[in-house]
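Listed after this line are the structures, all set down as structure tokens.
One chain, chain A, appears in both complexes that follow, with chain B as partner in the first and chain C in the second.
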Partner chain A sequence: MTEVDAGRAPLRAGKGWMYYAIRYGFLCLLIGLLIFFAIFAPGFAGPRSAVFIFQSVAITGILALGVTCTLVVGGFDLSIGSVATSALMLSAYVMVVMEQSAFVAVMACLVMGAVVGAINGFLIVKMRVPDLLATLGMMFLLIGLQRIPTEGRSISTGMTLPSGETADGVFSPAFLWIGRHRFDLVLEDLIPVPVVLFLLVGVLVWVFLELTRHGRLMYAIGSNERAAGLAGTPVARYKVLAYMISGVLASVGGILLAARLGRGDIASGNNLLLDSVAAALIGFAVLGAAKPNAFGTAIGALFVGILLQGLTMMNAPYYTQDFVKGAVLVIALMFTFALSHRRGGGGH
Partner chain B sequence: MAAEACQLKGIVKAFGPNRVLRGIDLVLKPGEITVLMGANGAGKSTLVKILCGVHRADGGEMRLFGEPYAPTSPSEAIAKGVVTVHQSIDDGVIPDLDVASNLLLDRLTNRSSGFFVAARAMREEAAKIAAAMGLDLDPSAIVGDLGVAERQLIAIARAMAREPKVLILDEPTSSLSAAEADRLFRLLDRLKETGVAILYISHRMSDIRRVADRIVSMRDGQIAGMFEGEALDYEGAVTAMLGHGLTAVDVAVKTGTEPVLSLDGLRLFGGSKPVDLQIRQGEVVAVTGLLGSGKTRLASVLFGLEQPVAGTMRLRFAHYAPQTARDAIRAGVFLCPKDRASNGVIRDFDITDNLTLPFLSRHAALSFLNPRRQRRRTEEMIATLGIVCQGPGDGIGTLSGGNQQKVMVGRWMAEASNLLVLDEPFQGVDIKARRDIGRRIRETAETRATLVFVAEIDEALEIADRIVVLNEGEIVGEHPNRDVDVARIMAEVSGQTAPETVT
Partner chain C sequence: MNFTRRVTMGLIASAMMATGASAQDMPAPLDNPGDVTIALVRYLSTGDFFQAYLAGVESQAAALGVDLRVFDSRQDAALQADMVDQAIALGVDGIVIQHGLTESMKEAAQRAVDAGIKVVAFDVNVENDAIPQIEQSDYLLGKLALEQAIEDNGTSWDAGYVYVPGIAPLDRRHVAWEEVKEANSGIREVAQMGTLDNPIANSNANQARSVLQANPTISVFFAPYDEFAKGVKIAVDEAGLSGDISIYSADVSTADISAMREPGSAWKATVATNPAVVGEVSVRALAIMLTGGDPGASVIVPPTLITQDFLNENDIKNMEELSAKMPQFAHADVAMTDWMPLPPR
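Showing the complex of A and B:
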């Protein structure tokens, strides 16, 4: 090593407070929030309340994990909300109108999610439509499509079909179990199935993105697509895969929503897109990642859930909720981009 | 007019604990070209950024024509007549606009220029500027559709159009061909006559010989040497820059054994003559030529990114026709592409992930990565290539340009290959890193066939066993690297000899 080179080695031996502020700032804020609510919101600290928070963010969280995968490859999926509501309507249609089993309904939804994801991927990779526009178009298309079979009405047992007949099918108990059953854990009937699914999907996506070579290559594509391609990465295949994961997870969210509601409610799920995108973006700030990541997304979803639950218990009116979410998002984005930019330093 | 255009005294700048500039004293005189040399990370770019108002100095004093000068923004610097062409071309042009708008961008941002864009007047004005530069471009062409060299020329032309008093050029020729660079040099001569003070930053010895009135060497954030006068001491300048002398590279020329890659009647362009070439095991072949000579095209064809017009390739006697980069890598043909920033570096990754990117599957079981195995391979390459870093977990962005390039080359040397293709492996790399990379390529050459594309003949002479000259898609010269007639190669590069003279 020459003198010249020795002088170049960046001097970062002492990690300043800024490093810790970026890395742990958001988690500290989360813990502070928990302590605050535990003291000032009666009934906040307790297993039932904790489970309620998890349950309130389970569906958004699953969608957010899907959108995280598309963010990782440098894309974006605006169609997730409408995929979820389409899955909601499709499962109701399959069971109530076509009188099929829960299994058929679930499979139909998952296949629908995968197909929509594949079409998104096709539009983006092969037709070269920019991701935001392709998925925006798909969102529009699905919102319209899900209304056609029932002429814009919600689906429930006993409704009159366009043909004049009455729909006799019912939501099968097995299907409703997915949305309503609670497992025992220390306390009786504590953990609902959607929460278990949320945690399971979270761990799976985290493992996939962080520990496998596929995840690493997807991050490479997101950072520098050209360079990743020149290193032999099948870029198109991974991008389509990301949109398919996003589509499938969105349809899982839709299934859970249907199973909780027990009817094909045309007006449900309006907030899903914004909430889940917000969770994924808030996730950028967690552990100073400054990039999409599964752990951050899950924490981001929980952060919003905790804040809303705590505020509700302190009697904040429901109409302030979106304002709170927006404020959290803006602050998290500031955290991410301002601070991590400063960390990069001026360079030479 | 003061005798000094620009005077710097005791300029100091630190980023956190990293003291990048430690007291720079420098004088730029009107009508003189000062060449600034320095290894990657010596502080050249920081100095430029202070001069042009991007950064502010922590201490010291600057004067412009005797007046105190402390620009707080790039636009203030430009208003005072200090104009800079940055190293990164994309900072200089707006790809979505046409040539005319790019050339006259300053006029558009000027408040007195009115609300509406006068398209025809602009095109005429732009044509005038282009003509003064000797630029032959359609003013209504979209800049994004043009090549790198043209974009660089536009960035330079725009700087000229600002009528600078002090002009700073940061590696302006890094993507220009010899002919284009020559055009730039002639223009610099003209500017010199009008009394512009020019600060010229470059690694290229041939540029420096051509333009320098004075050479300033920087090392470790300080001026390490200043050379002027009748006979410039180039060697002294390099020594001052590196802190030690430089030994000439001695290439022990080998001829290689059995052929690894054979090109049979390969036609690169529609109208070009077929190319026949063999690259043998253990041999390093350097291909040189101007921009547009077919170097990049040949590299793309070898790596499966583009298909040849006609002809076939054989790899170890088997038919070889890759359709994608993946095919090529599977066949053991690796390409280290040029322009690492856009084609190589994954900015979000650390050294380890950057280095092992193409071969992650060899560091994984059932798709699960084995970080320990990745690190071990990375540590090996850090040691053998002399990559200066704190460890394999450093972010790639914390490395200097030369060390980033070492990681890019290391990426493709970490695994065994049949044919290693390196496209401009020394681009934007200081001479020390260049020697490190070159030595490593030659040391490991036995295990494969190696093909290196370089625009600089000096670089070819340093690394190759055999030098092949391309011109307009055909081979016009082939020389073993032994008592090479450099003038003849130069003539072949610029297309001055008929291909028939080749034996």
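Showing the complex of A and C:
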């Protein structure tokens, strides 16, 4: 996905209006949107409203940060949505059917995410399967796999198992805490745990990609895999690592989803996939980065969240929301590709 | 079927009630049910409702003793039509078409009828007089839920409404909502929302949060689909408004029952048809046709109102207990004949 960065002319010295348009245009758009909704959507402005915008994007945001890591190494992960819904089903299965604790459920999900990521990486690096195809296969595999243990039914306490027994386990309060607890901040019960996790993951991924040697090497692999390899980078290891990060973060998203829903709903997760990929791609445009980056991804997710919340408050029907999401993505991609080309460089 | 046979059969049937009727009691060709094959051709299969529907089809087919083949097109309209042709080629005696699109199924259904196969259709109109429609009355689902809302809250309230146009059952439930608004000027729809992005409950929870924030006057939410109601309930809980808002919905599942029974749950009532019963009725209607009878052009399975109070009073935790405590939910007395064997309960 990052081949576009390769072979560009170095950044020109001139900093005309175009430079600022590319660098800050998207953020200006975001602020303009905030002002618009604050005026026209009743109840939009306010701390609680701000918090649930964050909450509504926390899960897709975390998934998007994972996909960002795979975009950085020039890959792509189509399986994140189904990893998330598999984690949702797995955590419900561990607690409700196997009657285990919240800790076991969380660990099971994280391990599952890491294993799926490792398999993706193995398929791509060792088996030479193109990334889109490998993760597409994994996506279908997981959508099917998550339904096999319950024969396609959602998991909830009291459900009848295929064997005819009744499942007596419950979602443990500690697990539900992950999705539902709110920390006090100025106002009582303001910040939900998923939002804290989203911000935390955002900072961690940002630090990892921007400030560590490992992150730099991953960007190097993304822009020219061969050159990076010749320079001594263990390309295969970093690529597998990227998919494992993606898988683990997707399973974190799934855990949050399960904790919020309080039951194991069967779902394909395709909407989660599309929304998080959109967020990561919109992120290319933020600050004129023209490359996958953690800060941009987080802003991209928020941008979509603000739009959707504002539109819902103004009673806009659901299909306008898809339209708007698409429009934002197209505009963001235009910022990224056309304008950056005209600028003459989007170097790292 | 002549009178004497009917009497003898009635006697035998009553004698064998405990074990269910045996094959010899049923009119031809069901007197030799092992040789009868029926096919279920599905359009929708993902989700609890469709899973339960299939279970109903399977158990009624087993009670009859007929051979059941299941074709699952997984929302592929063209494939579903092909599957009807496959069933014809297989030489089945009867076909149940479950959902699908009128445009794609109309001709395939006609081909089956032309081949001498008995066909019934559930929740899809194939525009064919020879094919009875099995329906759960979505209109009644909406109407009963709203009647309960009016009984609980009077006729003057601000409502949030969850609706996605273009989905046939939701459109039919929508008619009931329009009528109620028409008849009660005190009932105002201040916000409409809804999405089918999955996970549906999560996406609707996000929307409902904004709606509640923007419209603090809402006291009733009409969410005529259980996934919608689940989403609204999450939003209401997160906003700390459980005591101030009542949710009325349609459909039910084990998970819904536990959500309705959470302490202080805003989810006050739901109206549902047991999908397993709909499955059983579909097969019974087909069996009646196979024996030369006529189940009627449209076979409607009546819905049941399920309130939070009823669930709490009877300590109902899952669908099985609901069926046990609510006989009208466990069995619908439609598409019945005196020889019809019922699945064991």
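In the analysis below, the second predicted complex is superposed on the first by the 326 of 348 C-alpha atoms of A that agree within 3 Å, B and C clash if a C-alpha of one lies under 4 Å from a C-alpha of the other, contacts with A are read in each partner's own complex, and residues count from 1 in each chain.
The criterion applied here is as follows: contacts are C-beta pairs under 8 Å (C-beta built on N, C-alpha and C of every residue); 3 or more make two chains touch, one makes a residue touch a chain.
Everything numeric here is computed off the predicted structure, so don't read it as measured data.
Participant: On the A-aligned overlay, A:211 touches which partner chain: chain B = first, chain C = second, or both, or neither?
Facilitator: first
Participant: According to the stated criteria, A:23 is in contact with first (chain B), second (chain C), both, or neither; which is it?
Facilitator: In the superposed model, A:23 contacts neither chain B nor chain C.
Participant: Touch check for A:224: first (chain B), second (chain C), both, or neither?
Facilitator: first
Participant: I'd like to know which partner A:44 touches here: chain B for first, chain C for second, both or neither.
Facilitator: A:44: touches chain C, not chain B.
Participant: Could you say whether A:291 touches chain B, chain C, both of them, or neither, answering first, second, both or neither?
Facilitator: first
Participant: Taking the superposition as given, does A:181 touch the first partner, chain B, the second, chain C, both, or neither?
Facilitator: Touch status of A:181: no partner.
Participant: Hey, what residues of chain A end up touching chain B and chain C alike?
Facilitator: Chain A residues touching both partners: none found.
Participant: Residues of chain B touching chain A in their complex?
Facilitator: Contacts found on chain B: 15-18, 20, 39-43, 45-46, 49, 55, 219-221, 242-244, 303, 305, 325-326, 328-329, 335, 337, 342-349, 353, 357-358, 360-361, 363-364, 367-369, 386, 388-390, 394, 397-398, 400, 403, 411, 432.
Participant: Which part of chain C faces chain A closely enough to touch in the complex?
Facilitator: 45-48, 51, 164-165, 191-203, 205-207, 209-211, 213-216, 227, 230, 234, 237-238, 240, 253-255, 257-259, 317-320
Participant: Quick check: in the complex, which residue numbers of chain A touch chain B?
Facilitator: So the residues of chain A in touch with chain B come to 1-12, 14, 16, 211-214, 216-217, 219-220, 222-224, 226-234, 291, 344-348.
Participant: For chain A, which residues count as touching chain C in their complex?
Facilitator: My answer: residues 41-44, 46, 48-49, 52, 55-56, 59, 85, 88, 151-154, 156-160, 166, 180, 189, 192, 257, 260-263, 265-272, 308-310, 312-315, 317-318, 321.
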